[in-house]
Amino acid sequence: MKNALQLAYLVPLFPLLGFLINGLGRKSLSKSLIGVIGSGMILASFVVSVWIFLQVKDGNSYVAEYFNFIHVGSLNIPFAFQIDQLSSLFLLIITGVGFLIHVYSTSYMHEEPAEHFGRYFAYLNLFVFSMLLLVMGANYVIMFIGWEGVGLCSYLLIGFWFKKTEYNKAANKAFIMNRIGDLAFLIAIFWIIGKTGGVSYHDVFAFASSTGNSFSTAELTGITMLLFIGATGKSAQIPLYTWLPDAMAGPTPVSALIHAATMVTAGIYMIARSNILYTLAPVTLNVIAIVGLATALLAATIAIKQNDIKKVLAYSTVSQLGYMFLALGTGAYGAAVFHVMTHAFFKALLFLGSGSVIHAMGGEQDIRKMGGLAKYMKITNLTFLLGCIAISGIPGFSGFFSKDEILAAAFGKSPLMYGIGLFTALLTAFYMFRLYATTFRGSFRGTHEQEHHLHESPAAITFPLIVLAVLSVIAGYIGLPEFMVHGAHKFNDFLSPIFAGSREIIESRGMMHEISHSTEWILTGVSSLLIIIVVIGAWRKFSARPELGEPTGFGKVLANKWYVDEIYDRAIVQPINRFAGFLNNFVERLVIDGLVNGVGRLVNYSGRQLRWLQSGQVGSYVLLMVLGILIVFVIQFFLRK
Amino acid sequence: MITQILFWLLSVVALFGALMVITSKNPVYSVLWLIVTFFAISGHYILLNAQFLAIVNIIVYAGAIMVLFLFVIMLMNLNKETEPSRNRWVKIAGAVAGGCLLLVIVAALKNTEFNTQSATVVTGDIGLIRNLGKDLFTTFVVPFEISSILFLSAMVGAVLIGKKD
Amino acid sequence: MIALLLILIPLLTGLMAFFFREEKLARGWALFSAMATLAVSLLGLTVLKSPANLNFSAPWMEAIGSSFTIGLDGMGQLLCLLNAIAYVVILLATWNSGYRSANNFFGLMLLAQAGMMGVFLAMDALLFYFAWELALIPVYFLCSQWGGDKRIQVTFKFFIYTFLGSLLMLTGILYIYSHTQSFSIEAFYNSGLTSKEQTWVFWLFFVAFAVKMPIFPLHTWQPDTYEQSPTAVTMVLSGVMVKMGVFGVLRWLLPVLPTASYSWGDLVSTLALTGMLYASLIAIRQDDIKRLVAYSSIAHIGLMCIAIFSESQLSIQGVMIQMFNHGINIIGLWIVAEIIERQFGTRKMSELGGLATKAPAMAIMFVIIAFANIALPLTNAFIGELLMYTGIYNSKVTQYHIVFAVLAGLSIIIAAVYTLNMIRKIFYGDAQLLTVKAVDLRISEKLALGILVLLILWGGIYPQPFLDLTSDITNAILNKSDVMHLITK
Amino acid sequence: MNALIISAVLGVIMMFSGILLKHKAAIRTVAIAGMILLLVANIAEMFYGPLFTIGVEGMMRFDRFALLFNTIIFACTLLYFLLSARDMEKVGVDYAEYFALIFFILAGSVMVASFTSLLILFLGIEIISIPLYILTGSDKRNLKSNEAALKYFLMGSFSTGLMLMGIALIYGATGTFNSALMNIGVKSPDLPAIAGMLLLLFSMSFKVSAAPFHFWTPDVYDGAPTVFTSFMATVVKVAVFIGFIRLFDESFGKLHTTWQLWVAVISALTLFIGNITAVFQQSVKRMLAYSSISQAGFMLMALFAMNSMAKEGILLYALAYSLASITIFAVLVRMSDYTFEGFNGLAKQQPLVAAVTTICLLSLAGIPLTAGFLSKFYMLSAVMQTGKYLWLVIFGVLMAAVSAYYYFRVIQAMYFKDGNANIEVSTGYRVLLVIVAVLIILIGTFPSTVLYWLYF
Amino acid sequence: MPINYYIFLSIALFCIGIVGVLTRRNAIIIFMCIELMLNAVNLMFVAFSKMHFMNAGEAAGTVGTDGQLFVFFIMVVAAAEVSVGLAIIVMMYRNIHSVDVNFLNRLKH
């Protein structure tokens, strides 16, 4: 029953169809039809993905070449898909979560006029298509196509309400910052092509792990660093993370799908995909770990002081992504991917929940104007709470398992990292419950008619919430850590073929730092305990008297996101702008064009001067002639020999 | 010996006359000095026994052409110092330029193979009208005829320009 | 036969066009002629691709060792196709914009097309030079007759610039000729100049090509000319004529003067690189759509130039298809610019905005083309740029290849900046007082843009046909310029 | 030989026709008929040899070069008659005499084109010059015309003096006037000979208005009646040029290396002064005067190179340059205002005239597919062939670019500026213009058809 | 007499003529100076013809006549020039009542 894998092309094909139908028919089709098509296509590809997953679970993997994308001389870049454990897993996440979010959107975006409704779903489908391309591609170029494709879609969706200029600016910012990363990615690709003459994963990894004619460590470090910079762009890591919070300008479901569940994890996917290269480049790994950790901490600190419900979630996303990179940096690729999955569930859940809240509040996003929503919207409240618990890593919930694994790996690398990681986890728990408490507990602080309108959202919204809530509770159990139940880490077993190469290398180089089960128990215990304490503290503090005033002192710095945006603006954007202005107004106008016109003017001028020779006086004419004769004679007879 | 003296005498006269031509204020004097120069040159012709040319020179130049000049000058009654003298600097420049030219050419030619050669009065009769005439109407007949075209055009021109209308 | 037709059709129809007093008639005639040319070039690509059909030679000026030899190789095919398509599209897109004394306008347009065809087809140096000038003169008249307010001075500058360049090229040609006593391209390939002579001739040629392309710092004519000349002409200029420079380098510089090209490549690339960044930065500050596009074009051409002089198969292959793609994309941009100018009488982006609501179709088309212009994957330009950058990055002929690739890469980012800003200012936000009563695309414009968008997607998704078309000539050029030998030397 | 005699006779005939024929049209007809006769006779001599056999005693040689050249100048003169003969009426009453003088000038140019003895050269130059003095001054009431005539006369006879001094020195050095013998006789380095040669170079440069002996040109061309400016700027100038080339080719071949440098310098200087000064002119007539100087600079390149290419080239150049200039002048004559503004909007009133003028200007600027390009091409590649003095070529090219500047000013005025310049033109005139345009294009595209004459 | 003397003499006259042309303003005088130049040339011709005659020695025959005949032709031309030249000058005088070449400055630049 191999044929499922041969049907892989269907997975991206359905969303593409959806995009075309909705895109072209957006004027003619009815909203409901559009919604059905949009979600239906994703559902279809979800079904196929499940089918594929079942195949892959049995340890099959498959590379399908469809046509020659680029074939020049020795360079051959086929348009090919690679179906293996990693990609199939991502297929599930993308299509699964994607489907739920589509369903959610049908209700959430219902106020939009039909045309824009169609446009929305077209974009959304296009996004899913590109994302699938990204994860299914069998070589870096296809991946890059998807990579920029999702960038495009995120640009389009952030700026979906294109009448608002600041939204468009946010969209531009997102695209441009991604482009910076993409450039690095591209250069890495050039480099790879230059070395290996190809870009397909199989060849590249084979070349990398082959002895003899292979990459030098320096080259590998370079390539992996470049790829990582690409990842920082896409996955919002220092220094390129600032676009993600602004990206919240888009509709909430978009934030859930693109800026929480899927696109932003592309960076993790890419690194996990090229794990061999990274394993061979330890320097890069350290950098990744540090950057990841730093990002996690920074974002968490900022999140503490945010009052926009979506901004909080956005920064927590950044922070969680930081976690994942930390995992990658410590070589725990499995853990990273594991966290990707769980995070996809609970962060999507949280965003959708916040969406539901915003929906109910009539577009209000400031948590200071909320409060006590629990009694108005039961399901949302419950699911949101579950999400918070999951992300905070309270034992028994999915977040706990994945995060714990990461912390363990960090400890294995260095206790300091563990310490910071743990601290970040505590911060996470703190701001999440600050958010929850301020929003759902206490008394309502909004205007009167807002309160009047408060209501639970329709089924199309609550259904996804419920599903995701369930997932974010149970998802962790497929990855029970070794020290609890032996051999219960189904997840790692499933992915092991992908990371087999790296593991061998690590073992061969003795870079494995096993930490004893007892240690792990202690660590887990400590972390869980601390987290629970923090949670309770936060709950009590903010449900009783949420902070409503403007932050002061250090809090102000945090509230202003460490002024990073301002610094970037001052240090990079404005200088470039001014320089460009200088070129445009001075160099171009005066110097270069001035030179050109100068030549013309010179000709004119000398023309005017020469005219004076033409004095009109016979005498002077003859004199000049005689002088000419004189000069020639002198030179001819006395100087020229 | 006698020819030596004659040569120097005539040369001096010619040069002096020429200088007077370009220096004397009154145009009439210039004409007269020019005629003097021409006579001196005719003298040289005779020394170089080009008798025919000597005569022609006197008849055509000193006789016809110069008289023509004289008529014109009279006609315009320029016979007094009418000409306001040129700007002094221009004068100097002109003189210097001419002088330099003289120096340069002389300096260039003074040591050529001509040094060895000379042109003095010996028995040579190529200058006699007989020999010249023979050549003129045999070898040089074509240019001779052609020069008639020149005269024609000059005649037409003079009439065309000169006649009132 | 095909080759001959490609020149003759526009030439003759162009001459005839002068006699169509009726505007509609002239317009239709021009469109008909363009279609015919397109058909012929398509025939040459598909059915009649035997050399007998693609090459033509007739005795001409034997006295001075020249002959009327024209031929179509892959590169020629592609560019002639571009030329043909461009004219059809342009005529469609400008169908509704009226011109006084239209017969002259279209006559000159067609003559210019004939000239450019000649440039792309010529296999004889003198013929090449003739065509080069023949393409210039009509454009001069077009611009200074139908252009904007400052047209006369601006066009004049453009003319003198180009004329001077081409005269220097003529000097170079004559120099080689004085060695070969023949103008045939083979003779030029085997001219056997010493490297010192090559250097001289190289710069004589390069100035001409650099002015046309244009390469920094010889570019100042371009923004003004694009701004001033009627948009139809601007499209011709930037879509096709600019390619003459690139083409010239590929056909007459690299193979004819390999040594000089090799030893001066770095300098040229540096100039081009400077130009790229310079133009991109300036483009950020432009408020006039036309000027913005002009500067972005300078940047793109600069990249092509670097790619050429990195003399690797990938890069040159990339240049070949990029010549085509860039033509398509930039014409698309001009079409929209032209529509906007015609509708609102301004090209200032600051006065525009909110068009996306008023004219969604235009918005979509424009966005697609604009993203193609910044080489988004699955658009044609991506393929070209990927190949060029890869070629540059891994070039063997210069030790600065990485620097070139990386710095040139910066322009990718900057391009994103100004392009997105352009889209935002023109189409997003609320409608300004100018744009409230905007109308969407007319059918002819939809058609024109549709063709372009299709080409863009085709070139981006399945570029292999284009690549196959140009692979042979690429190898030929590389063999002629025999890089490897030079490097080892 | 035919040409020489017939043209002289025609001159006389014209003189009498002035007395016998009362109608100007009749005189014109006679002149044109005579011109055609002259042309035919000359072509006949090219194919069947001369009608008269006169012993020229080795003073002239009517070789193919000379004959071909005569054909060219006669053809140009014919065109000139057809285009501008009518406009001579405006100059003055002595209509027939003008034609007579022009025929005499032609006789002179025939001599200059086919001399082998310096005596003939001298007489030829004089026969060209003296009538020109008169034609220049023929607009007697016009002070400019008078002034031009006097200037031309004074400087012209001054240069004659230089020329004679040169001839005298050469005679002293070689003892002969025969150019062939002279070339043998000269014992290089032979200072008197070189000095004489240089003096001849100067005086000839004066006649072809090459810098720094060009000063008379703008004033004289400007002051002379435009019809005659047209004639002297074209036919006469190229006639003297042929003499120039013959002289230095046949007489001073040995001193080639000596004079080549000077010719190069003079050529460059001429190009520079001619073009740069032309840029600033306000009057088209004067601009054309300067442009004729710059064109002379290009023709001097042929003298410089002096190889087969150069000789073909100079013929082509003579033809191309004369055709274009005569036509432009013929249009200019009929303009009311000679300034550039005077041409504003001519294209609207007279599209055909404007188009032809444009073609002529393009030809002068050396745009490809016009005769002008090909001739410039020949000049440049002739210099290129010599393999030295590359800077001359590049300089020439730069100057050609400059020249485009002022030629295109006229085109701009005609096409792009608003105005209502207009001239009255007859149908025949139109037809002629078209023929000229076609001719220019034809020579530019199929030079073989013209060059064929050289190889038959 | 060494031929050089004649050469120098005639060159001297010639240069005096040039100086005259350069320094005088009266058109007629200038013209006369030009005539002077021509005569200088004539003198040189005659001298040279004599020289060549003598170099030819006994078998000279008619060597050198050509030089003298050239002088003859120069006189012819000079006469023609004079007729035309004076005519022009007279015409000039009729119009501006002056023969001062400094007044010839309508045409310049």
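Read from first to last, the chains carry the letters A, B, C, D and E; within each, the first residue is number 1.
By our rule, a residue touches a chain if its C-beta (ideal position, glycine included) is under 8 Å from a C-beta of that chain, and two chains touch if they have at least 3 such contacts.
None of these values were measured; they are calculated from a predicted model.
J.: Which chains make contact with chain A and with chain C at once?
T.: D
J.: Common contacts of chain C and chain E?
T.: Touching chain C and chain E alike, sorted by label: A, D.
J.: Computing the C-alpha centre of each chain, which chain sits at the greatest distance from chain D?
T.: For chain D, the chain whose C-alpha mean is farthest off is A.
J.: Could you tell me which pair, B-E or B-D, is linked by more C-beta pairs in contact?
T.: B-E
J.: In terms of CA centres, which chain lies closest to the overall middle?
T.: Ranked by how close its C-alpha centre lies to the overall one, first comes C.
J.: Where centres are the averaged C-alpha coordinates, which chain has the largest centre distance to chain E?
T.: So the chain farthest away from chain E turns out to be A.
J.: Between chain B and chain C, what is the separation of their C-alpha centroids in Å?
T.: Once rounded, the distance between the two centres reads 72 Å.
J.: Just how far, in Å, is the C-alpha centre of chain E from the one of chain A?
T.: Comparing mean C-alpha positions, chain E is 98 Å from chain A.
J.: Can you check how far apart chain A and chain D are, centre to centre, with Cα atoms defining each centre and the answer in Å?
T.: One centre to the other, that is 79 Å.
J.: What is the distance, in whole Å, between the centres of chain D and chain E, each centre taken as the mean of its C-alpha atoms?
T.: Chain D and chain E have C-alpha centres separated by 27 Å.
J.: Please list all residues of chain B that touch 2 or more other chains.
T.: Residue numbers touching two or more other chains: 86, 90, 93-94, 97-98, 101, 105, 108-109, 114, 139-140, 143, 147, 150, 153-154, 157, 161.
J.: By residue number and range, which residues of chain D touch two or more other chains?
T.: In chain D, the residues touching two or more other chains are 119, 123, 126, 130, 133-134, 137, 140, 149, 151, 154, 158, 172, 191, 195, 218-219, 405.
J.: At least two partner chains per residue is the criterion; list those residues in chain E.
T.: In chain E, residues 3, 7, 17-18, 21-23, 25, 30-31, 48-49, 51, 55, 63, 66, 73, 77, 80-81, 84, 88-89, 91, 101-102, 104, 106-108 touch at least two other chains, as defined above.
J.: Touching pairs of chains, all of them, please.
T.: Every pair of chains meeting the touch criterion: A-B, A-C, A-D, A-E, B-D, B-E, C-D, D-E.
J.: Considering the complex alone, what residue numbers of chain B touch chain A?
T.: Touching chain A: residues 86, 90, 93-94, 97-98, 100-101, 104-105, 107-108 of chain B.
J.: Chain E touches which residues of chain D in the complex?
T.: Per the touch definition, chain D meets chain E at residues 119, 122-123, 126, 130, 133-134, 137, 140-141, 143-144, 146-151, 153-154, 157-158, 160-161, 164-165, 167-169, 171-172, 175-177, 218-219, 222-223.
J.: Could you please specify the touching residues of chain B with respect to chain E in the complex?
T.: 3-4, 7, 11, 14-15, 18-19, 21-22, 27, 30-31, 34, 37-38, 41, 44-45, 47-50, 52-53, 56-57, 60-61, 64-65, 68-69, 72-73, 75-76, 78, 83-86, 90-91, 93-95, 97-99, 101-102, 105-106, 109-110, 114-115, 117-120, 122, 124, 126-127, 131-132, 134-136, 139-140, 143, 147, 150-151, 153-155, 157-158, 161-162
J.: Which positions of chain A touch chain B when the two form their complex?
T.: 619-620, 623, 626-627, 629-630, 633-634, 637-638
J.: Within their complex, state which residues of chain E touch chain D.
T.: That would be residues 3, 7, 10, 14, 17, 21, 27, 30-31, 34, 37-38, 40-41, 44-45, 48-49, 51-52, 55, 63, 66-67, 70, 73-74, 77, 80-81, 84-85, 88-89, 91-92, 95-96, 101, 104, 106-108 of chain E.
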